[in-house]
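One structure below.
Residue numbering begins at 1 within each chain, and the chains themselves are lettered A, B, C, D, E and F in the order written.
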Amino acid sequence: MATVKSIEYAEASAEVRAVYDDIMATRKTDRVNNFWKALASHPPTLRRTWESIKQVMSAGSLDALTKELIYLAVSVTNQCSYCIASHTAAARKAGMTNAIFGELIAVVGMANETNSLASAYQVEIDERFRIQP
Amino acid sequence: MATVKSIEYAEASAEVRAVYDDIMATRKTDRVNNFWKALASHPPTLRRTWESIKQVMSAGSLDALTKELIYLAVSVTNQCSYCIASHTAAARKAGMTNAIFGELIAVVGMANETNSLASAYQVEIDERFRIQP
Amino acid sequence: MATVKSIEYAEASAEVRAVYDDIMATRKTDRVNNFWKALASHPPTLRRTWESIKQVMSAGSLDALTKELIYLAVSVTNQCSYCIASHTAAARKAGMTNAIFGELIAVVGMANETNSLASAYQVEIDERFRIQP
Amino acid sequence: MATVKSIEYAEASAEVRAVYDDIMATRKTDRVNNFWKALASHPPTLRRTWESIKQVMSAGSLDALTKELIYLAVSVTNQCSYCIASHTAAARKAGMTNAIFGELIAVVGMANETNSLASAYQVEIDERFRIQP
Amino acid sequence: MATVKSIEYAEASAEVRAVYDDIMATRKTDRVNNFWKALASHPPTLRRTWESIKQVMSAGSLDALTKELIYLAVSVTNQCSYCIASHTAAARKAGMTNAIFGELIAVVGMANETNSLASAYQVEIDERFRIQP
Amino acid sequence: MATVKSIEYAEASAEVRAVYDDIMATRKTDRVNNFWKALASHPPTLRRTWESIKQVMSAGSLDALTKELIYLAVSVTNQCSYCIASHTAAARKAGMTNAIFGELIAVVGMANETNSLASAYQVEIDERFRIQP
């Protein structure tokens, strides 16, 4: 159970409703996830987070699916259950197949292993990696 | 300075040289990164890690650039300096532009923020995220 | 379900009971949290941890509420469910309002985002931050 | 060395200069930290991050010093060197004494220890911690 | 609930069954853990991971129990619930007593505390620790 | 450079010297590591941490070498440079050979990979792992 009271649409302030409306319009859905209902307990955080997410996750040089895969890679590394569940769903909606999912997780797993190995041996950064673009 | 002695090609055993040769052939380069020279202090780990990386990072359902971006996302989340430096270089080699790098880091930063928010409020997983594919 | 048997007061050794009694007296309550009942499976860890917590969390240059907020910030960053739940309750008892909770989580979220950004770009430490007090 | 080119004021675009000017005016300083110069490599992230930080870190229900202490607690837990160095400096500027610093770090250390203990034993959340406010 | 469909033996492909058979033969059991059933959704990851685990976890210079304790120490530090539960069981099977478990967790807790302290103060590495073997 | 002033023996208070003396006597050395000199900036944390470390790291059901290996496994997982460097040295002093070091790091790397895999697929804990001893 969440540690804050979730704010349902019916009981939300006009400020919170405006964010909920924008979420549903942007995502073409008639539901608001539990994440946003929890954030609504602190409206400035709800609004700021939604505005940031909307800007950051929209397609740009990277397409929406790639962004969702990156998001999921971070969530798995942080072992955040809610984030893994919700962004696995979001990535599937954006086109992630089972084959892509399998390869994604293989990369994430290997990266976490090799990160440990590099740290364990305190490997020095190769000189040629230090050159700025 | 690394906590193990790096193994240079000239002093390497035949077993280690075989891995180094495969790394250079696969990556079309005449240099072996410090990471592999450190792993060579334990040859079974060198060989197993290289075989896994080679399999996991080659293009499949996901192209090589996307895999490098995912790898980098994990390394940033783990705050592993060596890994960030080496995979920023690898991703650039695979086609990462400055614009892509900027968007990648924006997604990684946002994911780390929202992971905290979801955990902080102990948000319950929405029922519809629980359905198996 | 815990991976060790919880030790209830009725079945506890004299050594464990002494710690339980001190916890209840210090915290002015007649209940002992599940955390301590699990730690009681290894009495030296129970006693040492309680003595440390008691010393570290009592008001000093920082008041008790500020200490609880710091504790909660760490627990959220580690994504430790038990710790978030128990220290959200402890912080409320120490005076945390909904407004304070909202601002706390906003700071923790931002810090986790900017930590990622600083690491991602491998930002060099500004010279003036290196000066010792 | 950073993995992106730092943008100095003299070479910055008007968009980046506007953010730099606001940072210096808000913080009453004539210098911009390396962190912002690195973020300037992706102007939308620079602007969005600065706007968020400015909103989140200004005094509200929590004073500026408490917010800096929380920020530092997160940075220590993430083991982010740049963040620890810069926010130790920021916290001192906001009034952190050596005594406060000592107590802060003691709490952060204990929280990281007890987070491990709670996870290790997979302690179940006490029923009374689940009640929403 | 898992985010992928678990593959039971009866419905598994010949490739997956071969791995399951090897797991059961190696571990002298007639059951396959949920972990492997989830990995079976991506057969290359299932096979590669099992081959690696089998090689890495078998007794060598370190006995099987010590390896399980190290595995558990990592899982606790990552706060991975599944991993803690499954490797607590595996460690007990390999000979971990309650007394050993208690001491293990005490070391893990202390290491997480002192890691925070060392990072918090940005302690410089002593010159003599830098000498390679 | 550390963010606090290191306290050398010559300038230390009687309280701090008493801890330094005990560290040198217990460890049979005439040097005090930078870690302790940094902690000495907050004497209660110095004393409490040393007392805890001394108790936790002494041989019990687990020998001193195994405890150092566990400590190192945690430090690698946290990617704490100082801790990795100092505890690699401590483990070598306690008997860690190159072969043991290689196997240790292999286990730590694998554990970090499989932790990611278990989290990625949100694997449900097998019923038989839930049974208390």
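Following the convention adopted for this analysis, a contact is a pair of C-beta atoms (placed from the backbone, for glycine too) under 8 Å apart; a residue touches a chain by one contact, two chains touch by 3 or more.
Quantities reported herein were computed from a predicted structural model and do not represent experimental measurements.
Enquirer: Count the residue numbers both chain A and chain C use at their shared interface, divide by all numbers used there, and answer same if that is over half, different if under half.
Expert: Comparing the two copies, chain A and chain C contact each other through largely different residue numbers, since under half are shared.
Enquirer: What rotation angle takes the CA atoms of chain B onto those of chain D? Round to the nearest 5 degrees.
Expert: Copies differ by a rotation of 120 degrees.
Enquirer: In whole angstrom, how far does the Cα centroid of chain C sit from the Cα centroid of chain F?
Expert: 20
Enquirer: If you average the CA atoms of chain C and of chain E, how far apart do the two points sit, in angstrom?
Expert: Using C-alpha averages as centres, the distance is 27 Å.
Enquirer: Taking each chain's centre as the mean of its CA atoms, how far is chain D from chain E in angstrom?
Expert: Each chain reduced to its C-alpha mean, chain D and chain E end up 33 Å apart.
Enquirer: Touching at least two other chains at once: which residues of chain E meet that condition?
Expert: 1-4, 41, 44-45, 48-49, 52, 56, 77-81, 84-85, 88, 98-99, 102-103, 105-106, 108-110, 112-115, 117, 119-122, 130, 133 - these are the residues of chain E that touch more than one other chain.
Enquirer: Which category does the touching pattern between chains fall into here: line, ring, star, complete, or other?
Expert: complete
Enquirer: Quick check: in the complex, which residue numbers of chain A touch chain D?
Expert: Listed in rising order, the residues of chain A that touch chain D are 1-5, 44, 48, 52, 55-56, 130, 132-133.
Enquirer: Under the stated contact criterion, what part of chain F meets chain B in this complex?
Expert: Residues 79, 84-85, 88, 98-99, 101-103, 105-106, 109.
Enquirer: Help me check something: in the complex, which residues belonging to chain B touch chain A?
Expert: Residues in contact with chain A: 1-4, 33-35, 38-39, 41, 45, 49, 52-53, 56-57, 60-62, 66-67, 69-71, 73-75, 77-78, 80-83, 85-86, 88-89, 92, 97-100, 102-104, 106-108, 110-115, 117-126, 128-130, 133.
Enquirer: Quick check on the complex: what are the chain D residues that touch chain B?
Expert: The touching residues are 3-4, 41-42, 44-45, 48-49, 78-80.
Enquirer: Please output the residues of chain F touching chain A within their complex, sorted ascending.
Expert: Chain F residues touching chain A: 76-77, 79, 81, 84-85, 105, 108-110, 112-117, 119-122.
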